[in-house]
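We just call them A, B, C and D in the order they show up, numbering each chain from 1.
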Amino acid sequence: MEQTPKKSRQSIREKMHEIIFEADTFWGKLFDVVLLILILCSILVVMLESVADFAAQYGSLLKTLEWVFTILFTIEYIARVYSVRRPIHYIYSFFGIVDLLAILPTYIGLVMAGGHALTVIRALRLIRVFRIFKLGRYLGEGKILIMALKASRFKITVFLLTVISLSIILGTLMYLIEGSDSGFTSIPRSIYWSIVTLTTVGYGDIAPQTAFGQFIASLIMILGYGIIAVPTGIVSVELANAQHEISTQSCQNCGREGHDHDAEYCKYCGERL
Amino acid sequence: MEQTPKKSRQSIREKMHEIIFEADTFWGKLFDVVLLILILCSILVVMLESVADFAAQYGSLLKTLEWVFTILFTIEYIARVYSVRRPIHYIYSFFGIVDLLAILPTYIGLVMAGGHALTVIRALRLIRVFRIFKLGRYLGEGKILIMALKASRFKITVFLLTVISLSIILGTLMYLIEGSDSGFTSIPRSIYWSIVTLTTVGYGDIAPQTAFGQFIASLIMILGYGIIAVPTGIVSVELANAQHEISTQSCQNCGREGHDHDAEYCKYCGERL
Amino acid sequence: MEQTPKKSRQSIREKMHEIIFEADTFWGKLFDVVLLILILCSILVVMLESVADFAAQYGSLLKTLEWVFTILFTIEYIARVYSVRRPIHYIYSFFGIVDLLAILPTYIGLVMAGGHALTVIRALRLIRVFRIFKLGRYLGEGKILIMALKASRFKITVFLLTVISLSIILGTLMYLIEGSDSGFTSIPRSIYWSIVTLTTVGYGDIAPQTAFGQFIASLIMILGYGIIAVPTGIVSVELANAQHEISTQSCQNCGREGHDHDAEYCKYCGERL
Amino acid sequence: MEQTPKKSRQSIREKMHEIIFEADTFWGKLFDVVLLILILCSILVVMLESVADFAAQYGSLLKTLEWVFTILFTIEYIARVYSVRRPIHYIYSFFGIVDLLAILPTYIGLVMAGGHALTVIRALRLIRVFRIFKLGRYLGEGKILIMALKASRFKITVFLLTVISLSIILGTLMYLIEGSDSGFTSIPRSIYWSIVTLTTVGYGDIAPQTAFGQFIASLIMILGYGIIAVPTGIVSVELANAQHEISTQSCQNCGREGHDHDAEYCKYCGERL
């Protein structure tokens, strides 16, 4: 999203860039909203096509709609490549690749039989939904959330490593205890079970049958129950910090910080901020 | 809930309004409590009627009770319409519509065979239970909770959008990996599965069968485990803020509130607190 | 737990009271620990007796052990009634009734055939385990936890009422949508399902089958995912408050509070605390 | 991890100790990383061997790899015993025993048929993964997490005792209500069910069938939903405390740390900060 210089007379290319890549002007916002709706609709079409009953009844309609969306997205892709100053930069960017992958499958479907199934990749375009956070109030809030998650990334890594190590050790243990009769047919499957249990998901497709296995499983559940407290605590503390930091402004007289958003005077010395 | 002027001599209509719509007087409180008990009993009757064994044995008793409640609620509805100053205002309000919907199905049941089944709508009247929050201590506490939820609505929206986008992308991914043999028969169904997994509900009606599917599912579970930390952190921080704001003193000069515990000067006008 | 005056020469009765009801002396602590172990063993015996294989093999041993525990607990009960100053007061207290209920079933089993099954009531005696919190460090920590839960009881009530109302309304809704084919055979059963879902337990014994039902269920899950943040936030904030309050001490010079546990000097003016 | 004195000329033994036991030098770090990769690979081999299809196809390859890892780990074990100053100290340490247990099963497999199965013990070596926390930024973050968990250990114990007591009492209750027809065949099994429910795991292998059982189960779920808030609150508060304590300045006079953000005087000696 490069910043174009605000000239009084813009070329068509610059105008297009402003509309397609930015969201500051009216047309830029409109483009983003229309695009988002088109993406949502195209994903809906892909979804409905995967429902057997629906595909049988409205197959031709869905096929037509898919082509409409593909052509619209192709035009959008070409416009993006044309209007951007460094096309190579865009083409190899994450969004550039996603945009291309969203249109390719339909064309591949013409040549290859199975290729069409890949249309589901289009779901990835949904990530563009996060562009709306650029609008108004969401900007600040999203910033606080991202700041908090960034600040807690080391703690979260420590936590995840612990959870994964625990899952492997406990999964292996349950494989020894339960054996293949209860569905613990292999170690990877037992690890899958221990993750299902530690995260309190609990499908029940695999469940301990022996008394001892159920005893160990109970300990794992209580452990998982306690472990869930850790990331929550981490994020809470970091969120509080992030919010605090953003709202910090120091007094010109006494230099102290920690004032509220809406503070007009320093709460320590009474000086105007 | 309009405030009627406190005159020394009130008309019957005003008296009724005070009892039915307000909860300041003894009779007003009594009315609210009796109404709440009637609502709970009527919901219980509707519930029991849906239990096949019960309906077969005590069918006529339940039918009689249903008519008793319907007539009582009809009288209440007429009294509300009569006593309120602007009946149209009440009739089209949320509670007005709910109150009407709660009595209509029994009457419709006289004419139409199936109409009677709609009596379950009566459950919506349960929302009146929140009126008790108007009593005493709950007022302040409820206010803090609502303040905190209001303050975090932008962050919660960002969070929900992320969860829904993730569910769609991961659901589509699992549809490709697992296919219809494991129960992932369509993309919407796979998305339903990914929500069931991300929220750690885990019914187990659909569960991955292939090794790779179980591997991806494990990642989704650990992701969901981490994601749950975010709303909790948001609400914790906002609750702390809300409580903080409510629990503080007001400035003698400008009368504004919301100062910190350790503030010595008003942050709005600079006056010493 | 009445406080007996500390005389130089105590009667046997007072001595017994000190050992049985208090935990300040060596023998008092020993009595509590031995009693706790006996309770745990007696519960273990009751548990093992309920396992069919175990009861068949070691039936007579378990029966003997049960009689040993019953006689020991009977002696304890008589000693408690004898040593306490106001026996009626103890007999009708919560622990008095639990202690009696723990020994009665075995005696009833002599007369009546089924009466013996009630021995499981003995599990209630487990509540005595919380007496160990009277020892040392746990006292303060338990106090903070109880303070926090007490302070948040109004907010928790508001929260629980909301969850229960939501469960009833959503359960009724799902009864209408899914019907008895998917296992939603009655409204109470549907409400049970909605609680299972909202609390993210998710047994999977009842699960929506129709596409629309799964859509509504997805919304309920995401709702439940968000709702769980509220009690956590409440308890976090109240715990922080409770801990803060306990550690508060005001300065004699400037009168300010908010010092740490280990503070020896006022952090605002440097005065010795 | 003993600290060897930094001499200009080191014996081979000291050099080996530095590489194997420490992670300060380049070769020490390299050794740790290579060892970690070998451990992960050896665990992967053990896992794959437990998958029936895989073992049938690549049995001889896996067998060879297992011997390669065993011989490498044997060399590592001998090097550790040789290089450490007090071998007995290492051999009987936790890591010493784990390292030995990781290589023994393969050798035992030569003599005994079943002995080979114990190779899975190797998963325990995964604990060495936590050594990477000694590197850089993770050190401080891990310290905060451990400090917070240490500070909350008394509260967590109180909490766990409550959860376990509740599980036993509620499990026994459900055994009485539901009986063996619904899968509640014994008290231990019912307790297993109540832990599965309280922790919101919810396998669904055992689920209440009677209306009353489902009603009690609903109460247990709502209880479990509320209880989960407690450990989260505890960890959040302690994490905030731990971070607070670590992040502050030290007094110039007495050198002690742990002052508040807004402290102007040392709280230990009264010196101006």
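General observations
Just so it is clear, contacts are C-beta pairs under 8 Å (C-beta built on N, C-alpha and C of every residue); 3 or more make two chains touch, one makes a residue touch a chain.
Keep in mind it's a predicted model, so treat the numbers as computed, not measured.
Shared numbers divided by all numbers used gives the overlap of an interface; between subunit C and subunit D this overlap falls below half, so the copies present different residues.
The interface of A-D is repeated, with over half of its contact pairs matching by residue number, by A-B among A-C, A-B or B-D.
With rounding to the nearest 5, the Cα superposition of subunit B on subunit C corresponds to a rotation angle of 90 degrees. Subunit C and subunit D have CA centres that are 29 Å apart. Centre-to-centre spacing of subunit A and subunit C amounts to 41 Å, using the average Cα coordinate of each chain.
Residues of subunit B in contact with at least two other chains: 51, 188, 191, 200-204, 211, 228, 232, 234, 236-237, 240, 262.
Residues 51, 200-204, 211, 232, 236 of subunit A touch subunit C in their complex. Across the complex, subunit D meets subunit A through its residues 43, 46-48, 50-52, 117, 120, 123-124, 126-127, 129-130, 133, 137-138, 141-142, 144-145, 148-149, 156, 160, 163-164, 167, 188-189, 191-192, 195-196, 198-205, 228, 231-232, 234-236, 238-240, 243, 261-262. Those residues of subunit C that touch subunit B in the complex are listed here as 154-155, 157-159, 161-162, 165, 168-169, 172, 175-176, 185-188, 191, 197, 200-204, 207, 211, 214-215, 217-218, 221-222, 224-226, 228-230, 232-234, 236-237, 240-241, 256, 258.
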